[in-house]
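Should a chain be cited, it is by its letter among A, B, C and D, assigned in written order, with residues numbered from 1 in that chain.
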Amino acid sequence: MKIGIVGTGNVGSTAAYSLVLQGIGSELVLVDHFPALAEAHVMDILHATPFSYPVNVHGGTFADLAGCALVIVAAGVNQQPGETRLALLQRNAEIFAGIIPPIVRAAQDAIILIATNPLDIMTQIATKLAVREGMPASRVLGTGTMLDTGRFRTLLGQRYDVAPSSVHAYVLGEHGDSEVLNWSGASVAGVPLEQFALASGQPLSAEIMQQVDQDVRRAAYKIIAGKGSTYYGIGAAIAALSRCILFDERSVFTVSSVMAEVEGVTDVALSLPHIIGRKGIEMTIFPTLSVEEHAALSQSATVIKTHLQSIQY
Amino acid sequence: MKIGIVGTGNVGSTAAYSLVLQGIGSELVLVDHFPALAEAHVMDILHATPFSYPVNVHGGTFADLAGCALVIVAAGVNQQPGETRLALLQRNAEIFAGIIPPIVRAAQDAIILIATNPLDIMTQIATKLAVREGMPASRVLGTGTMLDTGRFRTLLGQRYDVAPSSVHAYVLGEHGDSEVLNWSGASVAGVPLEQFALASGQPLSAEIMQQVDQDVRRAAYKIIAGKGSTYYGIGAAIAALSRCILFDERSVFTVSSVMAEVEGVTDVALSLPHIIGRKGIEMTIFPTLSVEEHAALSQSATVIKTHLQSIQY
Amino acid sequence: MKIGIVGTGNVGSTAAYSLVLQGIGSELVLVDHFPALAEAHVMDILHATPFSYPVNVHGGTFADLAGCALVIVAAGVNQQPGETRLALLQRNAEIFAGIIPPIVRAAQDAIILIATNPLDIMTQIATKLAVREGMPASRVLGTGTMLDTGRFRTLLGQRYDVAPSSVHAYVLGEHGDSEVLNWSGASVAGVPLEQFALASGQPLSAEIMQQVDQDVRRAAYKIIAGKGSTYYGIGAAIAALSRCILFDERSVFTVSSVMAEVEGVTDVALSLPHIIGRKGIEMTIFPTLSVEEHAALSQSATVIKTHLQSIQY
Amino acid sequence: MKIGIVGTGNVGSTAAYSLVLQGIGSELVLVDHFPALAEAHVMDILHATPFSYPVNVHGGTFADLAGCALVIVAAGVNQQPGETRLALLQRNAEIFAGIIPPIVRAAQDAIILIATNPLDIMTQIATKLAVREGMPASRVLGTGTMLDTGRFRTLLGQRYDVAPSSVHAYVLGEHGDSEVLNWSGASVAGVPLEQFALASGQPLSAEIMQQVDQDVRRAAYKIIAGKGSTYYGIGAAIAALSRCILFDERSVFTVSSVMAEVEGVTDVALSLPHIIGRKGIEMTIFPTLSVEEHAALSQSATVIKTHLQSIQY
């Protein structure tokens, strides 16, 4: 169970650390444009192994990804305070043109997991590049709205004093400003959220919904304002997804993948609930949406598609 | 974080083992009518500590439960092949009259978790006895249909090739023959099970439902026929619930507790989804039921109540 | 990461349960002479998956072991109260003649891990049978004195109030009556045990040593007297060893393997510290022994060899 | 099990993240001079809870530390590239005068764990300040050479292809340039390292020793040169130590604490192996040293003492 990480900034290195702390994988290869940075992370993470699991962590080049069951891609430029995710696009597209082909050539049987923003566009670019090298599209996926979904569940959990794992609610569409909170499908313990909220003495007012919506949608911006970038949430999300893939767990995550058609928009990568396993995307689950959510998802798909077209993808 | 286990047959000892393997709790006290049996389990479980967590496991008497945050009760007589759970009632009621008062007196701040069958009746008896000693009723709960719920989710997961953790479905009412599978509230990834089943190419036929129903309802009988008794599933369930209580996780579990009224039946212990935390039962969630499920739950409550009345509780 | 378990009595099923609780492996195949027993364990263990990891547990035949990275063998007859481990020999040798060849044929790249008693003899028999099928001897090992070593460390830890993981002490030779406690090499935190004991105010008297020696040597007998057989300690040991093998952790364990020569005795399986990894036995570490320990190890090797010869192996 | 973290820069926040990923503790309070920074970390770490454990993480002031069983202190100024650890001293001493008293007053029953550099001096300062508030000295400790010990074991493990957990070797004295690698006590599987190295075909040459010595001693400098500061290793070390304290595990760690006398130097904080438990330092283990190591430890103690005296402590 060899895992590669390409791009070892805050996100890539935190993902590596999370994998080691939880003992997922037996070998980790860290690859970065600046090998000295990757090596510094390797050393720091290795010092965590006596206190966790003896994972074999080392630096390397693309060739060292041979035999990886999974390659995590977090190379790119980080979102600056105030910058929109889409503004990063052009630079990152060029980076991907340089790294995806050698990754696929070195690790032909791997799943490719994209974390770089703008997430959906980078996932679509990675998929195109990977397919061109002969890899099936179902083996490329992006972390998508996994983190936003996690935020949504955590915020509802805090407000209603229940564990996030007992709250079921998804964020769909773009990992970005146009994302769609699937309120109509939210539930706690099988009970529609609205009904649960009522029973718990704190009815789901428009005010609460707007507050939560803003807190989910603006979370990354807030964290970036406070500490420069986000990495803990996404690191844990990547580790959970890695375990799901490597151990073929078939859990449902709202990851991003290229869909033939969503809400009338064709050939577009965005997040929907998918069953994930050893082969990547195993099945897509189309959630039940309210009229407004359908419209919002259509809008979100269009936003992504427009950006893709603006760079000829 | 001291945990007591009273009754160290297969269920109690497997629970202890599960707690040690997962590093839940720092001290475990095993109490049994046959101290030599408890001591043999203590030795065997201690031999697992070099390979897991250095939990302080030892045998003891009721007095040694002082300071426990949680006391698990699995004392009783095990279900014999073919025997109904209710047939065990009388003997176990007597055992509880002898053990619950000294447990509560020794461990006044503990949560009391009942695993002994017939589960709901034993939970109600334990609650009565504990309340008599001055403990709030919300601090006594039974494992209830936690295991049945787990079975339900596992079977649906197997059939539809998705992780049980991504399947949401509850079993309610009696932990026994009259239990109610809440099909109408079952979902995968927020999508009603029926719709998910259709999308996955294997529609939810009456035949599949009946098969699953039988497999859930008859699981314990089948396992008992094959190996004498059941203990692995319940051991893991007890460990998960213990962690939830000790770490105040506030997850939702279908445990049994005494309800003021359910479907018109008053003062009866049965399983519904509850939020569980450091104080025991924190909130009850009344699920949405179909007409048939309402009737079945009413029937289940009546079955339990009748048995309770037959022994003047 | 597929793991097979052949022989699903108490030891095999507890090992399976331990693997699931700790999320080691993604697929578990249980094989037993009585398929109904294996199936009952499969059901019971599956009911633990919603509370731990979604491991794919199922029953099967030898053919279903194809693709296993590890096959654990716990088939055999259990030690009865009072019975010596060697008395079980003849029956178990026959069982192995029937199961090892089909295991090796089905799972050619697996490591074979033996738990059946008398452990060293069964390991040697298994090695011979496996080598005959073309498997390298280094891929067959027995749990050996892993458990005895764990007992030794636990008992010293309890006596001196320190975690067993901080006590270093090995039991060598036969997993049985002639085993050798390597007192001369025992240490706590790098300090010889004798010196540590002195500093802790409880010098290492002959009395203490004899007590610990008896407690280690007689532990299995005591547990068997109290509850019929031992399985928790060995289950956790097997799980730890499985993780070490599957994740190529290269930890040191006192497992049993066929040695070319030990203390003048040739071609004999017994326990010494070995570095264990993905290829099985990676390196043997010959410990420093006192004169008495050399003699005792020689004696232990002779005991095993004599038994082997008595059955023409 | 409430844990406080004061100082939420890279080290404090990584420690918090590690605790959440491993489910250690049920409540985490983050306190920083810049509350907005602590809040940004709280948000980011909370987003990891749906993928790990539902720990209650929140920001706060000193008053919010009430009820903590453990308070981790990582407030201070980080080591700059090229800067010696001792150069940071004066600024950090002032910070501690401002934070230790309110911590002790709010969390009277807590263990205080110091991570701030220069580690030993800060531990001694913290101890003085805590004792002045009525706390026993044994309840204040510093991470000391825990990390250096981990590095030493990891490097030896890599070189000899064995898990770090099977290598036993300590770094003693100052967490800094004068630290002492206890080569004479190093062992693998109970066998002296020198002998093991010989057997493994790679004898322990002066060259290898010097290389390892430099790699241990210069590790922090190298990592700081590559990525600005170190935090993964120390984060995992803090988490392991936290678990040991909260669960009263009584493991041995080379943490720093004020010793009445070491090698003739009185009243000085430095690292030696200690048994750690719920009450903090439970016992000190004086390792066996070579003549050179005695001299080096004496020298190391003198270095620390001199610095302490230079600031009148």
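Everything below uses one rule, namely that contacts are C-beta pairs under 8 Å (C-beta built on N, C-alpha and C of every residue); 3 or more make two chains touch, one makes a residue touch a chain.
In this text the structure is predicted, and so the values were computed from the model without any measurement.
Q: Considering A-D alongside C-D, which chain pair is linked by more C-beta pairs in contact?
A: Per the contact counts, A-D leads.
Q: With centres defined as the mean of C-alpha atoms, identify the chain lying farthest from subunit D.
A: B
Q: How many angstrom lie between the CA centroids of subunit A and subunit D, rounded to a whole number?
A: Once rounded, the distance between the two centres reads 34 Å.
Q: For subunit A and subunit C, what's the span in angstrom between their mean Cα positions?
A: Subunit A and subunit C have C-alpha centres separated by 42 Å.
Q: If you average the CA atoms of subunit C and of subunit D, how far apart do the two points sit, in angstrom?
A: 36
Q: By the touch rule stated above, which residues of subunit A touch at least two different other chains?
A: 54, 157, 163, 165, 249-251
Q: Examine which chains touch each other and state the graph shape they make (line, ring, star, complete, other).
A: Shape of the chain contacts: complete, all pairs touching.
Q: Give the list of subunit B residues in touch with subunit C in this complex.
A: Going by the criterion above, the answer is residues 13-14, 17-18, 20-22, 36-37, 39-41, 43-52, 54, 147, 149-151, 153-154, 157-158, 163-165, 219, 222-223, 225-227, 230-237, 239-240.
Q: In their complex, what parts of subunit C are in touch with subunit A?
A: 1, 23, 26-27, 53-56, 243, 246-251, 278
Q: Enumerate the contact residues on subunit D facing subunit C in the complex.
A: 157, 161-163, 165-166, 168-170, 182, 185-192, 195-196, 199-200, 244, 249-252, 273, 275, 282-283, 285-288
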